[in-house]
Amino acid sequence: MLNIAIIGAGRIGAVHAATVASHPRARLVLVADPFGTNAADVAAKFGARSTTDVADVFAASDVDAVIIGSPTATHVDHIIAAVRAGKAVLCEKPVDLSLERVDACLAAIAGHEDSVMIGFNRRFDPSFAEVHARVLAGEIGALEQLTIISRDPAAPPASYIAGSGGIFRDMTIHDFDTARYFLGDIVSVSAVGQHLDAAIEAAGDFDAAVVTLTAASGAVATIINSRHCASGYDQRLEAFGPRGALEAINHLATSVRYSGAAQTSADGPYLDFFLQRYADAYRLELSEFIDCVTAGAAPSPSILDGRAALILADAATLSARTGETVAVAAAPEPVVSAR
Amino acid sequence: MLNIAIIGAGRIGAVHAATVASHPRARLVLVADPFGTNAADVAAKFGARSTTDVADVFAASDVDAVIIGSPTATHVDHIIAAVRAGKAVLCEKPVDLSLERVDACLAAIAGHEDSVMIGFNRRFDPSFAEVHARVLAGEIGALEQLTIISRDPAAPPASYIAGSGGIFRDMTIHDFDTARYFLGDIVSVSAVGQHLDAAIEAAGDFDAAVVTLTAASGAVATIINSRHCASGYDQRLEAFGPRGALEAINHLATSVRYSGAAQTSADGPYLDFFLQRYADAYRLELSEFIDCVTAGAAPSPSILDGRAALILADAATLSARTGETVAVAAAPEPVVSAR
Amino acid sequence: MLNIAIIGAGRIGAVHAATVASHPRARLVLVADPFGTNAADVAAKFGARSTTDVADVFAASDVDAVIIGSPTATHVDHIIAAVRAGKAVLCEKPVDLSLERVDACLAAIAGHEDSVMIGFNRRFDPSFAEVHARVLAGEIGALEQLTIISRDPAAPPASYIAGSGGIFRDMTIHDFDTARYFLGDIVSVSAVGQHLDAAIEAAGDFDAAVVTLTAASGAVATIINSRHCASGYDQRLEAFGPRGALEAINHLATSVRYSGAAQTSADGPYLDFFLQRYADAYRLELSEFIDCVTAGAAPSPSILDGRAALILADAATLSARTGETVAVAAAPEPVVSAR
Amino acid sequence: MLNIAIIGAGRIGAVHAATVASHPRARLVLVADPFGTNAADVAAKFGARSTTDVADVFAASDVDAVIIGSPTATHVDHIIAAVRAGKAVLCEKPVDLSLERVDACLAAIAGHEDSVMIGFNRRFDPSFAEVHARVLAGEIGALEQLTIISRDPAAPPASYIAGSGGIFRDMTIHDFDTARYFLGDIVSVSAVGQHLDAAIEAAGDFDAAVVTLTAASGAVATIINSRHCASGYDQRLEAFGPRGALEAINHLATSVRYSGAAQTSADGPYLDFFLQRYADAYRLELSEFIDCVTAGAAPSPSILDGRAALILADAATLSARTGETVAVAAAPEPVVSAR
């Protein structure tokens, strides 16, 4: 039984709280959030303690592990504090919007990197995970092309966009991790950004993008993103190799199909939004975290995976601005010594 | 090269004319239809001779084979005349609405049954034929359950219904042949008729029906019919056995799918109507006929197949009226001797 | 918060225990099972009390409601005892294999029928429920034809078959309820049973069947059953009306599709078995039960629905044996007065 | 009735010959091919004259129009000769592998560009054409992202690769035209080439590629190519806009689906190869050509469309080699005056 505290009682924190509370091998003991009654509200629902002082989490002797779901800008500080307090950490993506700060974090926790898991939840989606497992098992031969389509149902408000770090660090970051999960080391990145939404352009960001990643193996991943999708949360991928292809198509609420005068075999909209689409993934991610912490094993995706995805996001940002393909070191090591 | 005449220049006759004209091993030489300029119109389009006197067909020395697409009531007479004139015959279904007249026909052409092929075109539909071939090849094991869904896009006028012989002899007759094609001899028939359309009920017929057929093998076929279908011409079947199932789903005009706010992956309507859905089947049926005539082989489906389907239609009609399952002789032989 | 006891700690009892334990408005207080440590094992897992004496359930003052998941033969006795003890009841289907005993039960609880809900869980399956709701909303017009395909992945042992009451009372009972759920009162039943499996035939039962039900409305339902299905638990239905059709197709574990040299767009096997396929349904059924009990409302499906389904099963059994369509009273009332 | 001659009696010439012969408004009068009995063989099959001297085509007074299906290197010369002889021209893609030669051709036929149609047959594929028409009709709003997946079943021999002009001029050229067909003018091109096949790399070419095109409108097209595909000829596209998406999925030989223990709803392989997949497109392309010539209208796709696709192929070739995005003039006009 692992005793878990949650930092951040917003939307994603509440999801983690529910997931922990219903997990047979975890116990939710503490919820921390500096704002209003957020922590108290979430904690009450699951019979846990609450606090508005995050430092209480690190000081609590009955807390084995911490899930960090607070704003991105606080991730690094909380990771460092948690690791120093001897707690295992599951931190939401991205680690930070700044590679420099990520490297500072790595320097600060040097020797304890294996205490930290990053919440790239899509690796745990049963459909994506099945494609990954079958590719690994050789079912389609060596992976040659990976196509990821990832579109949000609707754009966040411009205020969110402004502090998001841009589409590549905020949204594509998941797809960069998925690409690395399937293809391993990426050696070059080429990106095109689109300005279809004037409000998002005014906020200094792209609202749609296409990114092409070349792997050291010679395989290529294509990522197609949009901040909106009329059909719901469009989350697909296709792995293609010499012996065939494996695709994960969208998930729907039910298996109902309508046929009438104008249309036949019409499914309903895609599950909308990530809390629904990836509900299983959050649960399985937590199980993996608990398994690793319990067994003393290094969790995956690691903080180095978080760093590698950020490097790709930075490269895509640069490529979209310059029109040039950006080379990435094949196995980027954190520049710990440089600090 | 087979010289072919067509009797009946209505809708189905025109289809056969076009199919013959474009067939590499056939030549359309004569079109006969007693009504107005029907024959002349069709013949002119394909550079053939025409006549309003059907007797000209049987007398023409350059006619090797006859396709009969005239009204059902004339089939038997034309078959007999053609066979007596030494012509091969491809006759549209049904042979006749009366089993007695079919048996009279068989008596009249005794010894020449192999000159006659009956146009159960669905046996030649590439999708149904593929399911049949794969079942025969043992892919799903011994066939246990066959489900046929067959719905017309819209009901014919009540005037047609009145002379149609009833839904089982007019519409289900195709499905009875399909059931026999897959299951072999049928031993019992149970049918339920529906009165959903007042005009058709007033014409003395059912407008929808469900028929259950038990085969000598123990397999069961279920046929679900309706005189209307908002989505188009609904033509499906599923063969189920111990090792799996094979289904033929509906055919569409294009492969386009629409996704939007209310629906996703929505196909277009089914191909509508039989001339479109079974265009390939008519062509392949003709090829089979030409092959058989050229090779001197007995064509299939034979006139005995036409007789067997009619027996099932009669049985279904009786069952729907009485609520009783009707037994059918396992291998019904025509009562030639009784004449 | 509803305090619930469970009678029967076998497979289905364990499912209910887990569903209750994780439900926000229910508390599992007691598990009863006369056999070995069954009750203790299940109770321990969820922190509930256990007993081997079922009478303890009815005597327990902290038990508001009882879920009966014990063998069918015990259902009636437990229903009567629970109702007499003032407990609300959710009883697994079927109420009993004997209509006489069901009527005896109804006589014994006369005036308290609304305390009992029958576990026809498929009404709560989100896909079937969506089809039902959209049909009710008039999306396809008046329902004309309902096709239910329901095949188990593999036959139970012959020992189970022997005491099951036969395929219609044991397996098709669910489909009879579904047919009534969509079509309302049924007026006639026609059934064909199949003997494809020698072991099941030796046990005196059919292993596959096709049943046709005619509703008072003129609509017809077709049920196609098999005790085995190579692809998994085959659970589909299609509702057809003048303006279109709504179908619920099979559920799969993931959304992965494989394409290769021999096959394309190949899904994985169907979810297998009912605990997986209907996991959501069990949860939603429990919610409905809790809602009804809490609000003092009559639950649905009621014990009269359980009785009506059994009448259809009896009629199908008779029809399959005699080959005759069996008429059913349009709105069968329990013969309470006859006692 | 249009009298047509065909230059080139190889694989594609034979397709055109059959299409012309079966077209109600065209007559095949002459087939020309300098090699062996190619022309005679094709001509005999359709009752046309033949010649080994291509000049006979231009001299024939009974030839209204010429279809050029000879090797790419001969296209320009035949276009010029045909136009000078007053014949209308339908020329297979690409016009030429050299932009300089295309511009020379345009200079030579200046004022008669409307006599020439280029055989980008995919514009006439009923599925792609339907998506195009529905996008134009505004069904999904302004087009934002177009995804084209185009994979050949198997790579051509290395000898063919060597003279093909490279994957972008030989294979992607079709997709460039499709992108322009949907998006209009393209302003920048970014391409990644893959070396997965050593034999093709030795021949100096890529065997797979991903190309990103940005349109003047801000829309982006992504093209994913491979020289091989185990499932057959993989030809899909998806148009995405603010109100939804329209996709054209692969075409199959039949509508049969297999379900068994390992897989369910498995379709057969994709139609293979272009003669099968685009059979309808070739027929409809010819109809459009005949309509335009008969009406004196400018055909589309025009030779300028052929030139524009080649410019994109050149840009992609450059981009794949340099890693830089290549800008393309928004509305490239042929440099006729420069000559």
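For the reader, a short list of remarks on this structure follows.
Here the chain labels run A, B, C and D in written order, and each chain numbers its own residues starting at 1.
Note that in this section contacts are C-beta pairs under 8 Å (C-beta built on N, C-alpha and C of every residue); 3 or more make two chains touch, one makes a residue touch a chain.
From a predicted model like this one, the values you see are computed outputs, not experimental measurements.
Relative to subunit D, the chain whose mean Cα position lies farthest away is C.
Interface comparison, A-D versus A-C: the pair with the greater number of contacting C-beta pairs is A-D. Once the centre of each chain is set as its mean CA position, subunit C and subunit D turn out to be 58 Å apart. A separation of 41 Å divides the Cα centre of subunit A from that of subunit C.
Annotation for subunit B: residues touching 2 or more other chains are 140, 230-231, 243-245, 250, 258-261.
Those residues of subunit C that touch subunit B in the complex are listed here as 140, 144-145, 147, 149, 151, 188, 190, 192, 194-196, 208, 210, 212, 214, 218-220, 222, 224, 226, 228-231, 240, 242-245, 323-325. The touching residues of subunit C, when paired with subunit D in their complex, are 230-232, 250, 252, 258-270.
Contacts from subunit A toward subunit C in the complex involve residues 22, 126-127, 130-131, 134, 139-140, 243-251, 253-261.
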